[in-house]
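Right after this note come the structures.
Here chain A shows up in two complexes: once beside chain B, once beside chain C.
Let's turn to the complex of A and B:
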C-alpha cells in the first residue's frame, strides 16, 4: 500500500511538473510583447524592464530561473500588468480562500440536498413525485451553472432584492455568506442533481433486496429501514463520485465568479488571460491543476483502501 | 405397458394402416411479421419514450432555425447601426395582441405627467403604459413604458432586439446557434472517429500495444480539462478550428476506453474465431465483425457529448477565449449579454433559453438512446 501511495504521489508531481513546463513555454511563446502599447518607454527603459523580468535571456534559461525560484524560494515571479510588481504568490494567496469558500460550501450543501432528493425519488419510485424530481434532475444536470448564476442574479438579486447583486469584499461572517449565497446555489444545482440521480439508481436496486425485507419484518418503518440499512451500501461509492465533482464545480466557478464579481482564482485567471499577465495566468492554471489532480488522487487512494483488488492496479501482488 | 419388438408385429398387414395426417394442413405458422433487427428494435423502444422524442423534435426545430433563421430577418449578423443600439425585442404580430410580450416596450422612469400629451416628445401611439404616478415637489411624475420603435421613430423592427452596436440579435442568435452547434457536432464527430479507431486497435490487438496506448490515454487524462483547453486555445489562437480541436484533446479518451472495453468483451467470441479461421483480415474483423456490437453505446455517448461540447464552447467564450469578433456563438452572446444584464435582460434571455433547451434536449435524447440500445441500463 505504501508503495502504491508513493508511486501515485510521484506520478502527481511529474504531471504537475509537465503542466508547468508546457504552460511556461506556451505562455512565453505567445505572440505579442508584454510591453506593447507603452509607447512612452524609451529603449533603455525597455531593456531595463526586460532584464528585470529576465526576458532578455534565452527561454530555456528563463525556464530554469523560474523553476529554481519556485523550488528554492517558493517565488512564483512578479505580476506585470494586473497588479504591477506584486509577487504572484501573494496575489494568489489572497484569492484562494474565497474561491475555496464558494466551492466547498456548494459541495457541502449539495450532498445532503442531493441525498434527500435521491431518497425521496427512490421511495416514491415511478410515482408523480419521482417523475417531477427526475425531470428537475435532468434540467439541473443539463443547464450550465452560469445560466443558473445569471438567472439567480437577475431575479433573486436585481428584481426581488433578496441578495446583493455582486459580492461585497468588505463583508465578513454572516454578511459574507449572504453575499455568496447565489453563487454557491448556482454551483450546487448540478452536483445536487447528480447525487440525487446516482442515489436513486442505487437505492431503487437495494430496496427490493432481502435484507430490506428483513428490516421491515422486524418492525422498522420504511424510512428507518432505508436510512439505516439501505443507504449504507451506497455511501462509499457516493464519496467517490462526489470528490471528482469538486473539479467540475471549480470549472463552473471560474465563470460564476466572474458573473458575481467575486475576487477569486477564476476571476484572476480570466483577468490574467485577458491582460496577458502570463505569470499570473500560469500560477492560476497550476492551482486548477493541483486541485483536479489531488481530487483524482484522493479518489484513487480511497478506492484502494476500500477495495484491495484495485490497490494493485492489475499487477501481481508484490 | 408392454413394449413390442419389431419381430412381434412383423406379421401384420401393412395395408391395414393409413397415415393420419395425409390430407390435412399442418398448422405450423410461418413468420408473418418481418424480423426485427437491432436498430429497428432500438427504434421501437426509442419511440415509446415520449420525452426523448419531444427532445429530438426540439433539437430538429432549433437546428432548422439555426440554418434558416439568419436568412429570414433580412439583416446581416454584423450590420451595425449605432442609432438603433440596445433596442428591445418587438414582433409586430405579438405586439398587436397587447399581451405585454415582444411589444418593444422600454420603461422611462421619472417623467413629467404633463408632457405625456406632447406629441413632439411622445409620438402618437408610442405610450404603452403609465405606472407609479407620484408627486415630487408638487409636480406629478410617473414611469412611462413606451414603444422604443415608435418613440425613436425607427421603421425596422428587430424581433429579438439589438445589441450594443445595434446589430440584429435575431440574426446573431441563430447564426450563433449554428456556430455553436457546428463546433459541438464537429468536435464530437472528430472525437468519436479518433476514439473508435484508437480504442479498436487497442482493444483488438491487446497485449503490449494495448498497454502502451492505454498509458498514453492515462497521461493525457491526468491533465485537467480547463487547463488543457485554455492552453490549447492560447497556443493555436481563437479560430473555429482550434476551438474545435481544443474540445477534442481530452474528450476522445472516454470514447476510446469505451470501445476498447467492448472489444475485450467480443473479441474472444466463437464467431470471431470462425471468421478468422475463414481468413478474414484484421481490418474487416475489427470494423465489420466486432465494432458494430458497440454501436449502441457509441451513439449514446455521442449524443451525450454534444451538450458537454456546447458547454465548453460557452465556457471558453466567457473566459475571453471565444471566437474572434464579429462572429457570434451562443457563448459569446451570453457573455456580451451578461455585461448589460441588469439593463437589457432580453439580450441574455434568448441565448440562455436556446443553450438550456439544447443541453436539456440532447441529454434527454441521449438518455432515450441509451435506454433504447441497452434496456438493462434503464433508469441508471
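Let's turn to the complex of A and C:
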C-alpha cells in the first residue's frame, strides 16, 4: 500500500510538471501582449520592462528561469497588471481559502443530500416520490450552475433579502457562511442531482440482488438489509463520479465566484486570462490541477477502504 | 406423521406490463416433520415462487391471491412483513441457488454468519464468533478460525454454498428450503453439498423442501416428490412411487428425458415449450405437448386421482372411462432395469 501511494505521488508530480509546461507554452502562444494599449510607453521604457520580466529572452530560457525560481525559491513570479509587482504566490495564498471554503462546502452538502435523495428514490422506485425527484434531478443536472446562481441571487437576495447580494469579505464566522450560502447552494444543485441519480440506479440494482434477499431470509428487516448490505455496495461505483463532480463544482465556481463577487481563485483566473497576466493565470491553473489530481488520488485510495476485493487484490489468498 | 407445514390452494400472481402472470395456481401440499419433500419441474413451473411465497419474499409485483400457508397454527399467507421477522432465519431458512451472488461481496464471512444472530439479540456478541466457527466447522469449512475473517471472493463456489448453508443454519431453524442449491455448482461439488444437506438434516432434525429440476438429484434426496407443471402440481407421491410407478404423462416425459448410463436409445425430449402463464390454457396445461392427451384434456382440468394413500396424479388417463395407456417404452425399460438392480443389491 505504501509503495502504491509513493508511486501515485511520483506520478502526480510528473503530471503537474507536464501541465505546467504545456500551460506555460500555450499562454505564451496566446495573441496579445501585456503592454498593448499603453501608448505612452517609450521604446526604452518598454525594453526596460521586458528585460525586467525576462520577456526579451527566448521562450525556452524564460521557461527554465520560471521553473528554476519555483523549484529553488518557491517564487511564482510577479503579477504585472492585476496587482502590479505583488508576488503571485502571495495573491494566490490569499485567495485559496475562500475558494476552498465555497467548493468544499458544496461538495460536503451535496454528498449527503444526494445520497439521501438517491436512497429515497431507490426505495420508492416507480412511485410518485421517485418520479417527482427524478424530474427535479433532470432539471438540476441540465441547468448550469451560473443560472441557479443568478436566480438565487435575484430571488433570495435581491427580492426577499434573506442573504447578502454579494460576498462581504470582511465578514467572519457565521456571517461569512451566510454571505456564502447562495454560491454554495448554486454549486451544489448539480452534484446533488448527479449523486442522487447515480445512487438510485446502483442501489435499485443492489436491492434486487441475491445477497439482499439472503440478508432478509436470515432474519434482517428490510431497513437493516438496505442499510448494512445495500448502501455500502452501491458506494463503490459512486466513488467513480465524485472525481468529475468535484471538477464540475470547481468549473462552476469560476463563474459563480464572479456573480457573487467572491475574491477567490475562479475570479482570479478569469481576470488573469482577460488581462494577459500570465504568471497569475498559470498559478491558478496549477492550483486547479493540484486539486483535481489530489481528488483522484484520494478517491482511488478510498476504493480499497470500501471494497476489500480491491484492497486485497494484490495478495489473493487460497 | 403430523405435517409441519401445510400449503393449501395457494395461488400467486405477478403483475406484469402484459397482464397478470399466474405463476402458481391452486397448489396444495403438506410437509411432514423430518422428511425431505422435493418439488420438481422445469423452469417457470412456479416451484421457486411457491417457496418465496412461503417466506414472504415475493418480488414487489408478486401477490398471494388466495390460499393458506399453515405453519405453527398460523396462516403465513396473511402475514405482514413484520410478522415474518420471527420466522425467517429463525424457524425457516432458505439456501439459495447461486452461492456466488448470495453473499455480500464486501462483508467478512464471519460477520455475515453472525449478523442476524447479533441483530436479533439471540446471542451475545462475544459468543457469536465461537458460534460461527462451530457452524463453519459443521458445514465442512477447513480452518474456520482463519476463514472467519475472509471475504467471499476468497472462497470457491462449493465453499460459498457451505457458507450459505451455515448462515441458513445459524439460528437453528427447523425447516430448510433449498432452492436448487446445486444448480450453479459443478458435478463433483454437487454430490458433496447434497451429502452435507443430508447430514445436517439428520444431525439437526430438519425438515426440508428441496427444489430442483434435476431428477438425478431428487433420487438421492427426496422422501416424497411433487411434480409441478405450469404453476400446478400434477403428481405427488413417495420417491419410490414417482420413480417406479409414475402415472402422469408429464412425469413420464421428465423421467424419460433423464440421462442414465444404460439407456441405448436416443434420449427423449419434451416437444414444444411451456404455456404462456399470462393466459394459461384451458384444461390440462400439458395437453398440447402430450401425445397421450385425450379430447377432454383440452376442455376440462383433470382432478387428482388417487393411486394410493400417498400417491395422487392429476390426469384424465386415470379416469375409469379413459382408454388404457401404457407409459413410454423407454421408461418402462428403465424402470425394469432399476428394479432389477435394486433386487440384485438387496440379495
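One rule holds in what follows: the second predicted complex is superposed on the first by the 267 of 318 C-alpha atoms of A that agree within 3 Å, B and C clash if a C-alpha of one lies under 4 Å from a C-alpha of the other, contacts with A are read in each partner's own complex, and residues count from 1 in each chain.
Keep in mind that, in the parts below, a residue touches a chain if its C-beta (ideal position, glycine included) is under 8 Å from a C-beta of that chain, and two chains touch if they have at least 3 such contacts.
What you are looking at is a predicted structure, and each value in this text was computed from that prediction instead of being measured.
Trainee: Thinking of the overlay built on chain A, is A:210 touched by chain B (first), by chain C (second), by both, or by neither?
Mentor: The answer is second: A:210 touches chain C but not chain B.
Trainee: Is A:219 touching anything from chain B or chain C once the two structures are fitted on A? First, second, both or neither.
Mentor: It touches chain C, and chain B stays clear.
Trainee: Once the shared chain is lined up, is A:21 touching chain B (first), chain C (second), both, or neither of them?
Mentor: It touches nothing on chain B or chain C.
Trainee: Looking only at chain A, is it chain B or chain C that touches more of its residues?
Mentor: Looking at chain B versus chain C, the one contacting more residues of chain A is B.
Trainee: So in the superposed three-chain picture, is A:232 touching just chain B, just chain C, both, or none of them (first/second/both/neither)?
Mentor: second
Trainee: So in the superposed three-chain picture, is A:51 touching just chain B, just chain C, both, or none of them (first/second/both/neither)?
Mentor: After superposition on chain A, A:51 lies in contact with neither partner.
Trainee: Using the superposition on A, tell me which residues of chain A are in contact with chain B and, in the other complex, with chain C.
Mentor: Shared contact residues on chain A: none.
Trainee: Residues of chain B touching chain A in their complex?
Mentor: It comes out as residues 219, 222-227, 230-231, 234-235, 307, 311, 314-315, 318-321, 334, 338, 341-342, 345, 348, 352, 355-356, 359-360, 362-364, 367, 379-380.
Trainee: Which bits of chain A are touching chain C when the two form their complex?
Mentor: My answer: residues 209-211, 213-222, 224, 228-229, 232-233, 236, 306-309, 312, 316-318.
Trainee: Under the touch definition given earlier, write down the residues of chain A that touch chain B in their complex.
Mentor: 11, 15, 19, 22-23, 26-27, 29-30, 138-139, 141-144, 146-147, 150-151, 153-154, 158, 165, 200-201, 204, 247, 250-251, 254-255, 258-259, 269-270, 273-274, 285, 288-289, 291-293, 296
Trainee: Which part of chain C faces chain A closely enough to touch in the complex?
Mentor: Going through chain C, the ones touching chain A are 55, 57, 81-82, 85, 88-90, 93-94, 96, 98, 101-108, 115-116, 119-120, 150-151, 153-156, 164, 167-168, 170-171.
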